[in-house]
Every structure is written in C-alpha cells, then in structure tokens.
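Below is one structure. I have some questions about it.
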Amino acid sequence: MVAESHAAHLSQFMKDVMADTPGGQKVVHCLQCGSCGGSCPNGAEMDFTPRAVFAMIAADRREAVLKANTMWQCVSCYLCTVRCPQEIPITEIMYTLKRMAIREGKAGGSDAPALARTFTDFVDRYGRSFEFGIATRYLLFNKPLSMLKMGGAGMSMFAKGRLALTPTKIRQVKQLQAIINKAKELSKED
Amino acid sequence: MAEKIGVYVCHCGSNIAGKVDVEEIAQWAGENLDDVAVSRDYKFMCSSLGQQMIEDDIKKEKLTRVVVGACSPHLHEKTFRRACSNAGMNPYLMDLTNIREHCSWVHKDRSLATEKARALISAAVQRVKHQEPLEPMYVDVNPATLVIGGGIAGLQATLELADAGYHVYLVERLPSIGGHMAQFDKTFPTLDCSACILTPKMSEAGQHENVTLLTYAELEEVSGSVGSFKVKIRQKSRCVDYDACTGCGICVEKCPRKVLDTEFEAGMGNRKAIYMPFPQAVPRVPVIDQDSCIWFERQKCRACEKLCPTDAIKFDQEDELIDIEVGNIIIATGWKPFDSKKIPQYGYGRLANVYTSMEFERLCNAAGPTNGKIVMRDGKTVPKSIAIVHCVGSRDDRHNPYCSGICCMAALKFGHLVLEKTDAEVYSFYIDMRTNQKNYEEFYQRLLGEGMRFVRGKVSEVTDAARMPTEQGKLIVQCEDTLIGRQQRYPVDMVILMGALEPQEDARELGLKCGISCSMEGWYTERHPKLDPVATMTDGVFVAGTCQGPKDIPASVAQGAAAAARVAGMITKGKVMIEPIVASINEQACSGCKICNNMCPYNAIEFIEETETSRVITALCKGCGTCVAACPAGVITGAHFNNKQIFAEIEGALWDALQPAAESSSQAETVPASAS
Amino acid sequence: MSEQVFEPKIVGFLCNWCSYRAADLAGSARITHAPNVRIVRVMCSGRVDPSFVMKAFSLGADAVLIAGCHPGECHYIEQNYKAMRRFHMLRQTLKAMGVEEQRIQLVWASAAEGQQLAEAIDKMVDEVRQLGPLGWSGNWEENGERIQALEDIVKEHEQAMEVTA
Amino acid sequence: MKYAYYPGCSLESGSAAYDKSVKAVIEQLGFGLDELDDWNCCGATEYFSQNELVATSVIARNLALVDDRHDQLVAPCAACFLNLKKTDKLLAEQPKIRGKVDQALAAGGLRYRPGRVQVRHLLDVLYTDIGEQAIKAKVVQPLTGLRVAPYYGCQIVRPLNGFDNPEYPMKLDEMFTWLGAEVVDYPVKAHCCGGHMTQISEENAFELIRRLLQSAADYRADLILCMCPMCQLNMDMYQGRVNNFFNTKFKLPIVYFTQMLGVALGIDMKKLGFGKELVAAEPVIRGKLEGQTAAATK
Amino acid sequence: MSESAPTSGNGNGKAKGKLAIYWAASCGGCEISILGIDTKILDVAAAFDLVMCPCIADGKVRDIEKMADGEIDVCLFNGGIRTSEQEYMARLLRQKSKCLIAFGSCATEGCIPGLGNLHNRQEIFDNSYTSETHSTENPDNVRPQAVTEVPEGKLHLPIFYDTLKTLDQTVDVDYYLPGCPPESPRIWEAIEVLLSGNLPAKGATIGENTTVCDYCPRTRKNKKIKEFKRTWEVIPDDETCLLEQGLICAGLATRAGCGALCPQVNSPCIGCYGPNEGVEDYGARFLSALASVIDSEDPDEIDEIISKGIPDPIGTFYRFSLAGSLMRRGKRPAPAATSQ
C-alpha cells in the first residue's frame, strides 16, 4: 500500500488508473518482471506488453497507451492476474484502459469497442444478448467481408438450431432500463 | 500519607522549549497539582548538573516521588532512575514522560503543544503517586549453552564457545550435523569445495571435549529463564547402540532395503533402511529408519543385527528424554526449500526434466548420485541447453514477498558448473541480479565472460506444449524479455528452479517453546534489525544463521560467531538482572476459573491443583500484563503497570476534559432539602 | 471568541515496544501530526484493559486509540491477538450503546512505522472531529426539571403537613 | 442449501445442448435447480469495457433477484460465473461502488444484500456438493476406454474460483476418473480459447484455438470436454476454419462435460443435446464405448 | 454523613435500634429475601424497631420527615433511582439514617431497571405508550403528565428521569450488599456484622473477595472458544465448566455469594452478584476475559464469532450493572434493543 500522502508524487495517468480500478493502488508496485507479458496469450500481438504499459503509465505516456491495441487484445483470460507476483489486478486495469480510451476518444484502431457497443445496445433493449442480431449488425457495419467468410459456419449453426432469429426479451425490461439509466446518470457524476 | 513529588521539566536546549512553554508548565504544576512539592524547569535535565539537581532535591526536600518531563523513556529512563537511586530513592518511584518525541518535535502550534505537554505532566504526576518501590532481581548464569541446529551457523557458534572453554550441547534433528552446506558441491563465489571446508568443522565438533553432540534429537520442552534454563531433549531411537557402534558400516552395506533419499540426496538418490546420510557424517553412527525397515514392517530380515560385529543393533531401543540445564540458548535451525509444486506452471513434478536447485546441487556434486555428471532424468543424456529460473517462490506476494538473497549467486554458480562440465548453453532468467557482497559482482562479471546467457524477465511458464517443430520434445520456457519488450519462447532440455529459502516448518512452534517470536513469514525476530541482530526479545535466547532470515554462508558464520560472543559475555558477567515488572496473583481471591491459564505465551502461569488457584512463576513472567487485563475477578496485578496507576494516569491526562461537566455537577449539589 | 473548531481529546494506549517507539520515531523524524492524542504507555497492547477505555470515556475523552505491534509480530509473541479480540468485543459493545466505531480504533504500528502512526492519528483526529464531542458524562445528566420536581415534592409535603397539624 | 440457476443467454440459443444436458443430469442426480425468474444478461466482458457502474448494476440486478428461498446462484457459463462472482465480491468489498449500485437498483425497486447468495459454478456444485460417492453410485455406463481432455478455459478458474488451482485445475479431471474415463493430462487445459477475439481478430483467435486442439491431439484425446459456451463455440464452430488456415486435420468433438456425465449416468444421448455440435461426437463416443463393452464381454 | 456506628441493639436489655427498609425502582424480591432469613427475623425484630417498610408494614413518610437527622440506625435501601419521588426518599432516608446500606443489585448497580438506560425517557415512553407493543392499547396516545390541573388545584406525579441512577450516584452510601436478590444467609451474615459493631471500612461491600467459579463444582480444563452458544442450543453436560462448552457463564466475573446456584443446575451464571472486590467495571472485566479466550486470530472471524454468539452485548455484560458502570449512552439515540 502506498501511503496516501505519497500518492501526490505519482503521474496523473497513474493516479487516474488507480482511482478507476478496484484494487488499482497496487499498480505502483509493479516490479517490471514481465510475468504478465510473458503469460499473455495475445502478448505477441500487442503493441506494448502489459508490463511495458505499466512502465508507460508511470511515465505518464497517456496518449501512447490509450491509442495502443494492448487492452483491446486482452481477452480477459486472467493468466497475468493470477501470475503477477505483486498481485496487481492487471486484467481489471485492461478494462480501465478500455473505458478510458473510449471516454477520451482514442480507441480508433480496434473493432472491439464497436463489438462491445453493439452487444450492450442489444442488452439494453432486450435484457438478453442476441447472438444472431449482434453478429449480423456488428459484422455488417464493421466487417462486411468476414460476413461472407462466416457465412458457412453461420449456416451450419443455423441448421443445427443454434442460431435463434428472434431475440428473447425479459419481462421487466422497463425495470432493467431504469436501473441502467440511473447507473449511467450516476457514473457521469464523477 | 501524602506524597512529596518533584516535577522536572526539561528544555532540551530549544528542542522542547522551542515549542513548549516549559517554564509556564513547571510553574503551573507546582501551583495546581496536588502533592507537588518542587517543580522546576532546566536546560538539560539529563546533564550531570540536571541529575544532580534531582538528587539534591530528593535529599533536601525529602521527595518521595519524581516526575521528569523530557524525552523518551527508551533514551533516558535508566539515567533518571539511576539519579533517584543515587539519592536513596527507589528508582521505580520515578516516571519519565515524553514531551519531546511525542510533543515538541511533532506539533506545529506552540499553544497546542504546550497544552499536550501539560496533560502529559499531569498524567505522570497522578500516576507516580501510585507507583510502588520495586527491587530488581538477579540470577546466576549457568555456563553451559544449548545450540539447536547443526548447520554451519550452529557449528560455528558451538566451536567458538567450546574453544573458549565452555560446555555446549549441540542438538541436531537429523542423523548427522552439517546442515545444507553438506549437500553442496562448490560454494560461491570462490568455488571452494564445500565438503573440504565443512568437514573439518564437523569432525572438530564431533570430537571436542566441551561438546555434547545430540544428533537425531529434538527439543521437547524449555522452562526457566535466562541464566538457568531447564531443557528436555528427546533423543529419538536410532535402534543402534551409540556407544557400541564403531561406524564400520557393514550393516548399511548389507541392508537389503533401498529407499529414496528425500533428505540428503533431495530425492536424487537412494539410501538403505539403516543409513548414515553421507560418507563424512558426524557422528559415524547409523540410524534405522523404522518406516522403511523390513523388520519393523513384517518382522523379517535382521540382517544388520546378525552382521554387526559389536552387537550394536537394538531393535527395541526407545526414545529417551534427556534433561539438561543451560544458561543460554542459541537457535540455528536454518531453512527449508520452497515446494516448487506450488507453482504448477513451472511443471515441477509433472515435467521430468524440471529440477529444483537442491536436486541440481546433488546432480553436479562429485559425491552425488551421478558422480557429478550433469545428465537428464534418464540418467544418460547430457543436456544441450539449460534454463535457470530465478525467484521461484521469492519476491512473489503469492508465496514469499522477500528476496532469498542467495539464489542469484547460486544460479551463477550453477551456470559456471554447467559451462565447466558440459557444452550446454545456459540461460539465466532473472528479474534483478542481486550480487551485493564481497566478490559477488566480480563473479557475475566472470559468468558474463564465460558465455552464460542472461534474459531479464520472470519466467511465465515452462511447458511441453510445442507450437513449432523446433519445440517438439523440448521444455519450452516462455517469458517476456523485458529488455526488448517481446514475448519469447526458449526450447531447452533442462530447467532448474531456484526455489526460495523458507523458514523451517516448525519454526513458530520451536520459537514458542523458547519464548521468541517470528516475523509474518516465519523468520525469527531479532532484538534490533541493525544494532542487535543475534539477540532476541527473550533474554538468554539468541539466533544465528538462516533461521533469522535468508543469507549466505559467510553471513551465517558471522552470526554464529556473534551469538557465541554474546553468550560468552553473559557467562563472563556471571549474573543477569531481571526487571521486576511482573504479574502476581492474589491467590486467596483467585477463583481458579483458568481464564488466565491460556494467556501466557511463556507458560508463566501455573495452576495448582490442590488449592485450585493459579499462580505466576515470577522468573518466567515477562511483564506484558495480558493476564492482568484478562482476569475476570480482577485479582491479578501487574507491577509498575497496575490498574490504579493507569487509571490515575488516564485521569491526569484528561485533567481538563471534564471542566464543564464538573460545573453542572456542582449545580446538582443545590437540590432542595427534604421537608421536615 | 467566536466559532471554535471542536478539538477532540483522545487517549492513546501505546505498546512500549512498537507503537510507543513508532511515536518516538515520528518524533525523531519530525513527522508532524495532530496534538490531540495523549499517550499512555503500556508494556503491550495485551495489557489494554477494556476498563481503561471506558474510564477514559467517562473522564471526558472523545475517543481512544489502541496501538500495538502487527499481528504475528508481537514482542510478547501473540499478546496483540488478545488485544485484537478484546477490541472487537468492546467495539461491538460500545456500538450497542450508540458509541460510533470511529471513537475506538486499533492501529498496528511497528517501531519503524512512525509515518504510518502519524497518519493514523491524523486520520482518527479528523474522523472524531467530524463526530463532535462524545460528552459521555453529560449524557447522563438530568435536565433542570428534576430540581423543579423535587422542589414541588418538598412544597407539597410541607403543605400536606400543615393540614394535618 | 437451495440453488437458483442462472443459465445465461448462450444457453438459450447457441448452447441449448448445455442447457439440456445440465437439466437432464440434474434430474438424474435428483437435486433441485430452480431457474432464476426474469434474469438478464451478465454483460459478458463487454459492459466492463465501457462503463463499470452500468456493468455492475446490470449484474447486481440478477443477484438482487434471487429470492430468500435460495442461497446459491449456479451458473454453467464461465463468463456469467465470473461476472456474477466478481460483482458480488466488488459490492461486498467496495462500499463506495455499492452505494451507487444501491441507488441504481433502487430505481428498479430492487435491493442487493452483500453475502446473501453465494455464486457457484456448476462444476463446483457437482464436484463438491454432490460429490464422488453420489455420482459414482449412479454411473451405469462407465466411460472406460474413452480418452477425454478436460478443458477448463480461463474464467472458471481465474481469478476468483477458490475451488481449484487457477493454473492447473484438477476437479474436472477427477470427476471423469470417477466415471471411468481415461483423462488426458495435457498442459493447456486452462489456457485461453480466444474468447471474443474470433470477432475481432480472427487470425489471432485461430492460433489460440489451434494451440488447444494441437495439444489435445498430441496427447491423443478422443474428445474435449468443456464447460463454457464460448469455449465450445470457438473450438467447435471454428475448427473447420482453423484446419483450412493452418492446413491441419483436427477432428475433435467438443462436448459439454454435462453431456458426457449424462452418458455415464445412462441418459439417452438424444436427451443430452448431442447432434448440435459441428464436429460430430456421437460416432466417436459410440465407437469407443461399444468397442469397450464388446472387449469386456469377451 | 454517618460517622458513628449504628446503635447496636442485641435484645439484651440495650435500647432497640431503628430499622428502615425502603424500595425504589426494584421488584420486591429483596424484601422476600429478607423474609427468607426465616426464624432469624425474630432476632431482627428483637434488635430493631421497623420504622418503615412499605412492602410489609405500614409507615408514613411524614413520620420519617419528622424524625431527627440520624435517628434511624440502619436503612436497607433497595432499588435504583428513576423518579423524583425516589430521589426525594433517598435523600430523606440518607438524612435520617446513621447507616445507609445499598441493598441488592438495583440499589448497588442498577440491575434490570437500569437496562432502561440504553434509552432515554422519550424512547421508553414512546415504546410503552404507543401501540407498538402487543400489550398496549392507547388509541388516544395518553401520556403521563407531571402536572395536571384539576379544579382543586395542581396535581403532581413524580417525574420520570431520563436515566436510572444507583443509590450511590444519588446520595452517600455506607455499605453495599450485592445480589439480585441478596441471598438470605448473606443477609443474616451482614446483619450479624452490623450487630457486632465490628464494622468494615465505610464504602465496603459486605461480601466475599472471589468469584462464583470458586464455588462451582464443575471441572475446568482449557478455555478456548470458537463459538459462543445460546442456552437453548445445547444441553450441557453437568461435569465440565459451562463456558468451556460454549455457554456464556458469568460466574467468572461475578462475586461469590450465591454458592454457584445457577451453574449447579446446568444454567449459566448471569452475574447477579455484581463485580468482585476492587473491580471498577463489571462488564468491561467480563468482556475482556471472554474476548481473551476467543480462539481466532482473524479479525473478521472474531467479529463474526462475537456478533453471532453475543447479539446483545449490553444485555450480556451489563445485565445487572449498566447504571452503575462506567458505560454511558452514546450521543445519538441508542438503537432499538436487540432482542435476545
């Protein structure tokens, strides 16, 4: 734990990441050991390994980090998290960086935000996710080409009865929406 | 009889006077606090003139109590106690209250600091009224010493004391002394042969006229306190008559039962059911491992008994309890290796060619199971590439947060041995290279020159899941090379895990028996980490070597010698003083409820069956006061910290808190009288 | 003197071996902190008797701090665990009486943690300042109508006697 | 203990086989699992990428919906399990977030109470609560001769499961030894299946899937057991395309562990949702098991 | 107030002394216990004239008021002070008595009526006079009034205080006799002491210096508690210490005097004899001892053990002594009493 009185000396980026992540105070303890970067199934595809990202956070390189693909390559496998010798909640920090990148309009290079948006839009509307709708809408708008490639597998899925064509809706959609709206309103507060 | 109290408030130059209005407080105390006969302020109370002033007042003014407002009692309590006893007053009738560290040095506002100092002085004045004269106790020091643990640290301590002419009982739980060092091939950084430097010390201890060697023995119980401990040792049954055995080794040779040796050989080799752990073992008296001996298993065999030329085999030998008396105890129980199976992603126990560091020590030891040939588990293939993984279970909050200190150097040592003996490539995967003792960095430089390869990155996993044809049949070490910022995979033949040094399993338990404590991790706590590294909070109990924390052989030896010097000092002095701050039970009033019986970690409270009451054994009590606070009948008193004293102190500290309420209670006095 | 900020009076029971030394260290390192805690030295946090706490409250303290060695690092091996147990029991008991949790705090501070102790003190003083005075003894006082009622009884009895007389 | 069941969106459509087999197995083992009324989506990983408070509120709704008769909430899907569990822990430990989530839930007339329900994964319930004795007692068709590769994936064992080792889990392995199967101890059983990476960067995802199939094949597994719809989808639906991409010839059926458990318990394969997987499982299973029975009767 | 010993009358021709027995906020059990001294009551009658005892004999306040100060030799005063009338009587009897004895738990430490101090008058009245309780029917919300105007003038009722106080928090007390009620044999022993003229120091408690455990025949082995149990949860064996079986037995902390009546019939001591000699605060002592033997080193677990096993700490530790203890209400209104 960093004593609060010392936190003042940290980079602004570090402070923001700490504030936005439950348990995020630990990030100052990164040893730069590289367990995370070595473990990540997508580590090889990342612009910067998670370890490097933590060094950059400490060095206040906000722009470079938020524009990087690192967090969008994260598939939330939590390998890094359970291996980090300093018990830093790395995966959760990846989520924090995703949110920051979206909020600050830096998430240009990846399709992941679009997928996420499509997904949550459906849930907001129906209360359940709807694979067929999500896939078609997301692919149509983002990857029309892969729509064709997917076609075959999609068709077989359909043939096997594994793709429903109509969404299920929960009974109390109104209630859910009230909760979501309130949460959205509250999250704007700070 | 009202007391006559002298109050002395120190300026400490401007250290106190700069923030606290000392003169005003001294005057206030003299005028407002009951029983204060003299109240003065002075530039430096601890100076000889200051002390003289107190002494003079005690004599002239016939003071019965003294309060000093100055610095921390940890600095000058002894000073002022001495001044009081010089003047013929019992030193325990003085109270030193801290208005420097706790007040002038830490508060910004002069008036608030003064108010607090006033409250502290008031508290001390109230307290001191209730203080009682106490007499310190002295005990003789028994010149014999108990050393627990026969590793290098314990051996060093033993020999220092024995050479100085004092008797030492050396208790070792394994069949031979020697500790971990006996398992090594070479020792860093000089690469001298471990056996060559250790064996002479072992045999010296074995033959020394002043040393009683108790191997295959464990500490059962300790009672008593500094100067005169009574110790019970359990001598486990060897099934071999210690005196009759000549150490010829025929029994070992002929014993038909082979078992895996998980102790000395770290699981890399075998031993017999009757065995001496290694050829240079001291004493040269074998033991029968009753769990694997055929006779104990199914009443067959007895080959050893039949062949023993001196009839030394005694199957019915039993454990023996040995009582000894010593004046001091040195604990040197060393460390145990980290269980690498706790990190499954490194594959130890699952992937054959992943080794622990102790296994590798045996593998490259000329006297080891392969005669020092570095080969893989199949017993023949020489590895072409070896990865050494640092910080396995060290510097990892999930296992041990500390750095084990020696494994970087041991890894370099391994690197050197591999390069010397094979053509293999050696990789070290490190986070930081820790080589900060004399000639250690030079050793690192040497290995850089010898072609050892260094990758900065903690290994993420060791796997046999090949992704590419080049990886087939290899162990793949995956990590981030943090210096280039890329994930990398290194296919190798053999992996060595540099496991952490961990405290012994029973460290806490043994500590409890001897009345000393462990850190969170389980290392013994020294009295002061810098200035008193081998003494402990329990007088007469010392620690040496790795049981106090990870360290290398030179440091272990230095501590062994230091502990011996401390003990020798005690023996030379002949007597020790014990603070009279102890608990006592009013046995008349004790109901025998036994609440207090569980309170004392020093077992200082005994229950007397006949009277069904509890009693404090004064010599064992350390005066913590925990039992005092626990007794539901309120019949335990803690000398120098009794309830009356503390209640009075609280009252004094809050002298200004109840002012308004006091007004309202005086109002309550004016209730109407009853009708008549 | 207009609006004065309330400055709580806090009694601190500090263990001789760790937290008292931590306070010493805070001193040697000149780590300034709030002057509200009046320190009473005890040999061990295990010596802290719940009645000390109650005594302090009844004598006008607004809060009580108990400080000892970290769990597992007690100078007396394990006595701070006893302090811990008593603290929890006492805190729950006081809570049942309406005394806020912040008014009794247990802090672990090793002899090396002058900074931490100072911070804990500052934090505590701040919290208690927010709460205002405890005023334990005041809470027990009856209001003025009591005197009136007693006077009434006296008066009535006198009148009643006159009638029979 | 009473269990509320949170099937999750996938089990409604894409992974109906999982749902079906869970229900059949539960019935056979004779214990109750009541579907949570009107549950909503757990948000997968997608909500957390956008707005933590909304994510937790949406999930907390499910926790709040569990009525007083149930004290366990069982999820078969890895993502659902982790999201529910993570949120429950977060709310219990972070009063600041809980305060806000409480307000959001209040807007829907609901209330979350920390510590009231315990979130469990189905495997944990079957392994721990039902246990070896009860399961073994009901086995009618031992899986002797079948080499199964248990696949745990990520989010059931990491970071919060508490019932198995996060690096090298064993519970599913053990369960299948109870059933008589030959369990393949291959090293990637808790490595990533690619998750939603299939939607974002296919080629990356193909590589991740390949690693799993390759290792299982190297260890000569007959089929892979899984316990998460996403894992099943990735390894099954994309297996053909992985073969095309890497020029490999994997033909590994990916079945839910409950399906195989059902087989061992003697439930009719139809009732267990077999046939919906793209790499057909039935022929492999029948081949092995019948061959085995034949061998045994000889 | 009274410095001289009461005039001792022993029936042997000496002048008879005057004895008053009064009850304030109490239950009447103390009087029953006095009668429990059996035929020895005759010795009492021989030694003393009973000038007042509302429970068993007629007597007028007016007559007491008319007495000279110190005219009563011994006054046994039971009950705490909850109303203005009780305070008046306490003051009156103090003034008229040479030796005022706080008799029984209510007078010495507040006892059960003192538990009312968890709340103030407002809360107590709200609870008693609104229909929240099943036994209350009060549709018009009638509340007791200290003063009522009637055509004849003003009628006064004693006012009900916020806080119940013990006798010595109200007036000066000479001796204490603990117990709820004091056991009859102890009463007789105390009377013998008084009659002997061989008086203890003022302010003394007439009783033993040890606790109930001393008289309890149960065997004690090892006190380590993982779980506190409620009485209905276990049927204790009748050999072992009840506390060691998880039951919260107050015998540890309670002054001996009862002969360990409760534990002998398999029922844990509830502490009616108050604190042992020299103990400042009964509850604090008791809770300290109990907490000390909780078998856990984990703060959360400790909290859980306590809150599960001791849902009502005040009722457990201060059942008899709340008013007399150091404990006071916190600033905020105390929460509704947790039901046992």
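Each chain gets a letter, A, B, C, D and E, in the order it is written, and its residues are counted from 1.
The rule is short, and it goes like this: contacts are C-beta pairs under 8 Å (C-beta built on N, C-alpha and C of every residue); 3 or more make two chains touch, one makes a residue touch a chain.
All values reported here derive from a predicted model rather than from experimental measurement.
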item: Minimum number of chain-to-chain contact steps, subunit D to subunit E; value: 2
item: Most distant chain from subunit A, judged by the mean position of its C-alpha atoms; value: E
item: Of all other chains, the one whose Cα centre sits farthest from subunit C; value: D
item: B-D or B-C - the one linked by more C-beta pairs in contact; value: B-C
item: Separation of subunit A from subunit B, taking each centre as the mean of its C-alpha atoms, in whole Å; value: 47
item: Between subunit C and subunit E, centroid-to-centroid distance (C-alpha), Å; value: 27
item: Computed distance of Cα centres, subunit E from subunit B, in Å; value: 52
item: Touching two or more other chains - residue numbers and ranges from subunit D; value: 167
item: Touching two or more other chains - residue numbers and ranges from subunit E; value: 65, 87-88, 280, 285, 288, 292
item: Contacts with two or more other chains, residues of subunit B listed in rising order; value: 345, 599, 626, 629-630, 643, 647, 671, 673-675
item: Touch list for subunit D against partner subunit A, complex; value: 9-10, 12-16, 38-41, 43-54, 56-58, 61, 90, 93-94, 97, 100-101, 103-110, 154-155, 158-159, 166-167, 191-192, 194-197, 199-202, 204, 208, 237-238, 240-241, 275-278
item: Subunit B - residues contacting subunit D, complex; value: 343-345, 347, 350, 463-467
item: Subunit E-facing residues of subunit C, complex; value: 49-51, 53-55, 57-58, 71, 78, 81-82, 84-86, 88-90, 92-94, 96-100, 131-137, 139-140, 142-143, 145-146, 149-150, 152-154, 156-157, 160-161, 164
item: Touching residues on subunit A, where the partner in the complex is subunit D; value: 20, 22, 41-42, 45, 72-73, 75-79, 81-83, 91, 95, 98-99, 102, 110-113, 115-117, 119-120, 123, 127-132, 135, 138, 146, 149, 152-153, 156-157, 160-164, 168, 170-172, 175-176, 178-184, 186-187
item: Of all residues in subunit C, those that touch subunit B in their complex; value: 7, 9, 11, 17, 20-21, 23-28, 30-35, 38-44, 46-52, 55-56, 59-61, 70, 72-79, 82-83, 86, 118, 135, 137-138, 141, 147, 150-151, 153-154, 157-158, 161
